[in-house]
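Next come two complexes, and both contain chain A; in the first it sits with chain B, in the second with chain C.
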Partner chain A sequence: MLLHIGAFHVDVDSKRTTPWHALAPRTRLLCAVLSVFAIALTPNGHWLTWAIYGIGVAGVILLARVTLPVLLKRVGIEFAFVGVVLLGTLFQPGGEVLWSWGWLQITTEGLTVLGSVTLKVLLSLLTLNVLILTTSIPALLHALTVLRTPPLLVAILASMYRYIGVLMGELNAMRRAAAARNFSGSNRWQRLVVGNMIGALFIRTYERGERVYQAMLARGYTGLPPVDDVPKGNWRDILALTLTLIWALVGQLAGTMILEL
Partner chain B sequence: MHHNPILIENLSYAYPDGTHALRAINLSIQATERVALIGANGSGKSTLLLHFNGLISPQTGKVMVGEWSVEPQHFKEIRNFVGVVFQNPDDQLFMPTVWEDVAFGPKNLGWKDSELNHRVERAMTAVELELKLYGERNVNNLSGGEKKRVAIAGVLAMHPQVLVFDEPSAQLDPRSRRQLIQLLKNLSETQVIATHDLDLALELCDRTVILSQGQIVYDGQTEKVLSNSEFLEQHALETPLSYSRPYCHINY
Partner chain C sequence: MVEAACLDLLSLSSLHLALHIPDGFLSLPVSLFGWVIAIGLIAVSLNRVQSEYQERTVPLMGVCAAFIFAAQMINFPIPGGTSGHLVGGTLAGILLGPWAGSLVVSVVFIVQAVIFQDGGLTVLGANIFNMGLMGTFGGYYLYKAIRFSIGRNSWLGMLIGTAVAAWGSVVVAAIFTAFELALSGTVPLGVALAAMTSLHVLIGIGEALITVVVVSFVWQTRPDLFYNPPRKDWASASG
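On to the complex of A and B.
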């Protein structure tokens, strides 16, 4: 899933100076998580709510001066995965039947669900990608610890980030080594060999895990990663969080009111 | 500083499949000594090194590190006392950035804030890496020589009295190897260096211990044994290049 992130330069836009970058990483993380919850928990068919949220997300994208082509490319690739699942929601019973062919039928209900879920997915993906584009992974991991995520979980995420590059390097080295000995042949044979490589990689990873753990023990690791002290937030962080909260509530209220009218 | 930081008496170790990795090892290392540990592949060097830090507990025999015997209740003190630099820096550098990795050990010791920063900075200065340039860098994007130095800094930051190196010059280019030798020369800690690089052993260590099939077959002056090609060949080793080609033996 992460293979599309070329050379692991994930945080393309993290070095800019904008009001968004001035926020502490944990505030950015909190704002993003809050937004995703607000977006995802909106009931189906509240179009106005998403319109308001959409304006907000667009505002942050402009404010943080994100590189748009990179953002759109990443959202596009991620959306392709979710899109396959989404297609299924189109063909469901309920409401007026607009089109049918055998047991397949498209109803107003199906369209509403598809439209709603698509919007939710798009907005959430945009939000999270802006966060990841503008915040370096170590800063995000640190933010997670500050927000009281279990330190062990964060340590696991950190080593995943650290070692995925090493693993990809090893897999590529194996593939090159195979190519250097004229690796070709039928499709089935190729898949078999690549399968073997992944198996070998798995076993090596296991052994490497053992060695890494020994290296950790050798430097006094006792089973729990040490946690740093938490710096206090300033007025900017509080303002950003308040604005996000108000924006989420305004969206919800507007959506409900429009439906009642 | 402890006068006799490492004392091993009659240590044996067998792997679960029955292979004897170490047989009746007796070894005593004095403070500020620099000892080379030499032996062919599979002679038991790495297994012996892992005992120094309590990563392997002795099966039979006794290992004393400083004033502690290697037992689980002393692991904390032992691991502060002995720092291990592993062969492959990718195994040792497991944190995302250089600063975080060097700070890992001191943080486990409970250091915080300015004292922590100070320790990290001093350790990085000792290996000649500038904190400003390297602190935020991703470990994955460093060169082999830089990784090695970060790994050493990570151990130095814990202020150990004994440094243990597992093949420190493996996979380094000649210049990085030269810098590493210079670095090790300048460190005042007691050092145990397991290596296949016999020229490095000759240059750095006055004392050499040779392991062969899990046994110590020589313990004494480096120059004496490394010029004895017959003895070395018996134990699957060779004389260093600087002896077989004397014109290579240049003093730096």
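On to the complex of A and C.
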């Protein structure tokens, strides 16, 4: 029995002062989302497009002075999970057959899909990780509000963010309690214990929800958690968004033109 | 043979994430379709939940989302020798009802995609469609139909309804994922269906077993917390 995510403090680079950090969180969020959509929704085989996007992403990584080992480690872990699904993309029909074994065939088409999807996953992961490493979660939630996400949804997200840590702590306490009482035995017994732990956690959680609500009211809750200094939008933000948009379009056009030539 | 080979490839590594599609695997039309459905589902469920729970919505939905998130992190042994973790869609539906359940599950997916890159951003809509709409909403109504046809107050109905719905929701979500991958031209339909279904038939058993234990714990201790609590006299009915 293991908990498969460790720490929850993800914004290790959020206190730097760089041109990227000078942007308002909402601009950073918009730029990142725009980039991910441009990267991930490019049709397979447009290599030049991803080369152009790759230069852009690398530029932002350097500009934001992200701690590279942390970034690479996170991307590495996330990529390992994706790797399994990736293998399935290799066995596409169509194109020339390069290698075959029984029913399994590796074709040029399959290699194109594998290469394209790998690049897309890698670039998207890098982009999102830069955003998360440089922007604190309260700032992101604030950005969502500014961008007119339904306030109720943002408030639920904020409240969830607050209580993940608490519930993880409670789970850990239960896990320690189980271990202290010689938690082992058959698989069936283990499942029974884990299931009861989750059930107990739910009951505590539901009761906690009621208490939290009373406590929030008593402390004058207004609907959004407080955020520390968030830069206001100015010409830099407009410039950054325009650049991202142009970059996205240039990439798409270049990719299409190369294919037509 | 394709099935066997793919199963080998897949079973070599962790079963985690098999249902969370990452960015880059789905094409533009499929992603857009997923987003349209997901935004509609979230908008409607926000309204329904707000009118049901009123000003308790935020703290209650927040802690419940954190609960599903935390519950997904516990690994437990599943029959067949590997370990799996809870998806929790059907559990959320049974405990909180279809609207609050799918809202909570969608919120969990948003946080996983944005903060943990567990599942992609462009495909978030499709992921919410697979597991929020199909898993939680579909799972809830399947469970309700079975439970109420056997008897609202009988533990047997609860047991069978929960087990079938939890298993079914995982398998159906896997089938939808396979179709989405195939429609996007990423993985051929045969390979995707064979790999996803055969794998999730097993994962679904784990999901069903653990959901049943959780539900049985709540049934014995606080049956009033269920979205459809058994009517009065529950103490004798649960025996």
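Going forward, the second predicted complex is superposed on the first by the 231 of 261 C-alpha atoms of A that agree within 3 Å, B and C clash if a C-alpha of one lies under 4 Å from a C-alpha of the other, contacts with A are read in each partner's own complex, and residues count from 1 in each chain.
By definition in this document, a contact is a pair of C-beta atoms (placed from the backbone, for glycine too) under 8 Å apart; a residue touches a chain by one contact, two chains touch by 3 or more.
The shown structure was predicted, so the numbers you read here are calculated from the model rather than taken from an experiment.
**Q** Now for A:47: first (chain B), second (chain C), both, or neither, which partner does it touch?
**A** neither
**Q** Would you sort A:158 into first (chain B), second (chain C), both or neither based on which partner it touches?
**A** both
**Q** Who does A:201 touch here: chain B (first), chain C (second), both, or neither?
**A** second
**Q** Just checking: does A:183 make contact with chain B only, chain C only, both, or neither of them? Give me first, second, both or neither.
**A** neither
**Q** With both structures superposed, pick whichever of chain B and chain C touches the larger number of chain A residues.
**A** Of chain B and chain C, C contacts more residues of chain A.
**Q** Is A:137 touching anything from chain B or chain C once the two structures are fitted on A? First, second, both or neither.
**A** Both partners, chain B and chain C.
**Q** Between chain B (first) and chain C (second), which does A:166 come into contact with in this model arrangement: first, second, both, or neither?
**A** Both partners, chain B and chain C.
**Q** Once the shared chain is lined up, is A:218 touching chain B (first), chain C (second), both, or neither of them?
**A** first
**Q** Common interface residues of chain A with chain B and chain C?
**A** In chain A, positions 137, 158-159, 161-163, 166, 208, 212, 216 sit in both the chain B and chain C interfaces.
**Q** Which residues, counting only chain A, touch chain B once they are in their complex?
**A** 8, 137-138, 141, 158-159, 161-163, 165-166, 208, 211-212, 214-222, 226, 228-229
**Q** Touching residues of chain A toward chain C in the complex: what are they?
**A** So the residues of chain A in touch with chain C come to 1-5, 10, 33, 36-37, 39-41, 43-44, 74, 78, 80-85, 87-89, 91-93, 102-104, 113, 116-117, 119-121, 124-125, 128-129, 132, 137, 140, 150, 152-153, 155-164, 166-168, 170-171, 187, 190-192, 194-203, 205-206, 208-210, 212-213, 216, 223.
**Q** Which stretch or stretches of chain B touch chain A in the complex?
**A** That would be residues 50, 53, 55, 75-76, 79-80, 83-84, 86, 88, 90-97, 100, 104-105, 107-110, 112-113, 139-140, 154-155, 158 of chain B.
**Q** Flag every residue of chain C that touches chain A in the complex, lowest number first.
**A** My answer: residues 1-2, 5-6, 9-10, 12-14, 16-18, 21-25, 27-28, 31, 42-43, 46, 50, 55-67, 69-71, 73-77, 79, 85-86, 95, 103, 107-108, 110-111, 114-118, 120-123, 181, 185-188, 191-192, 195, 209-218, 221-222, 225.
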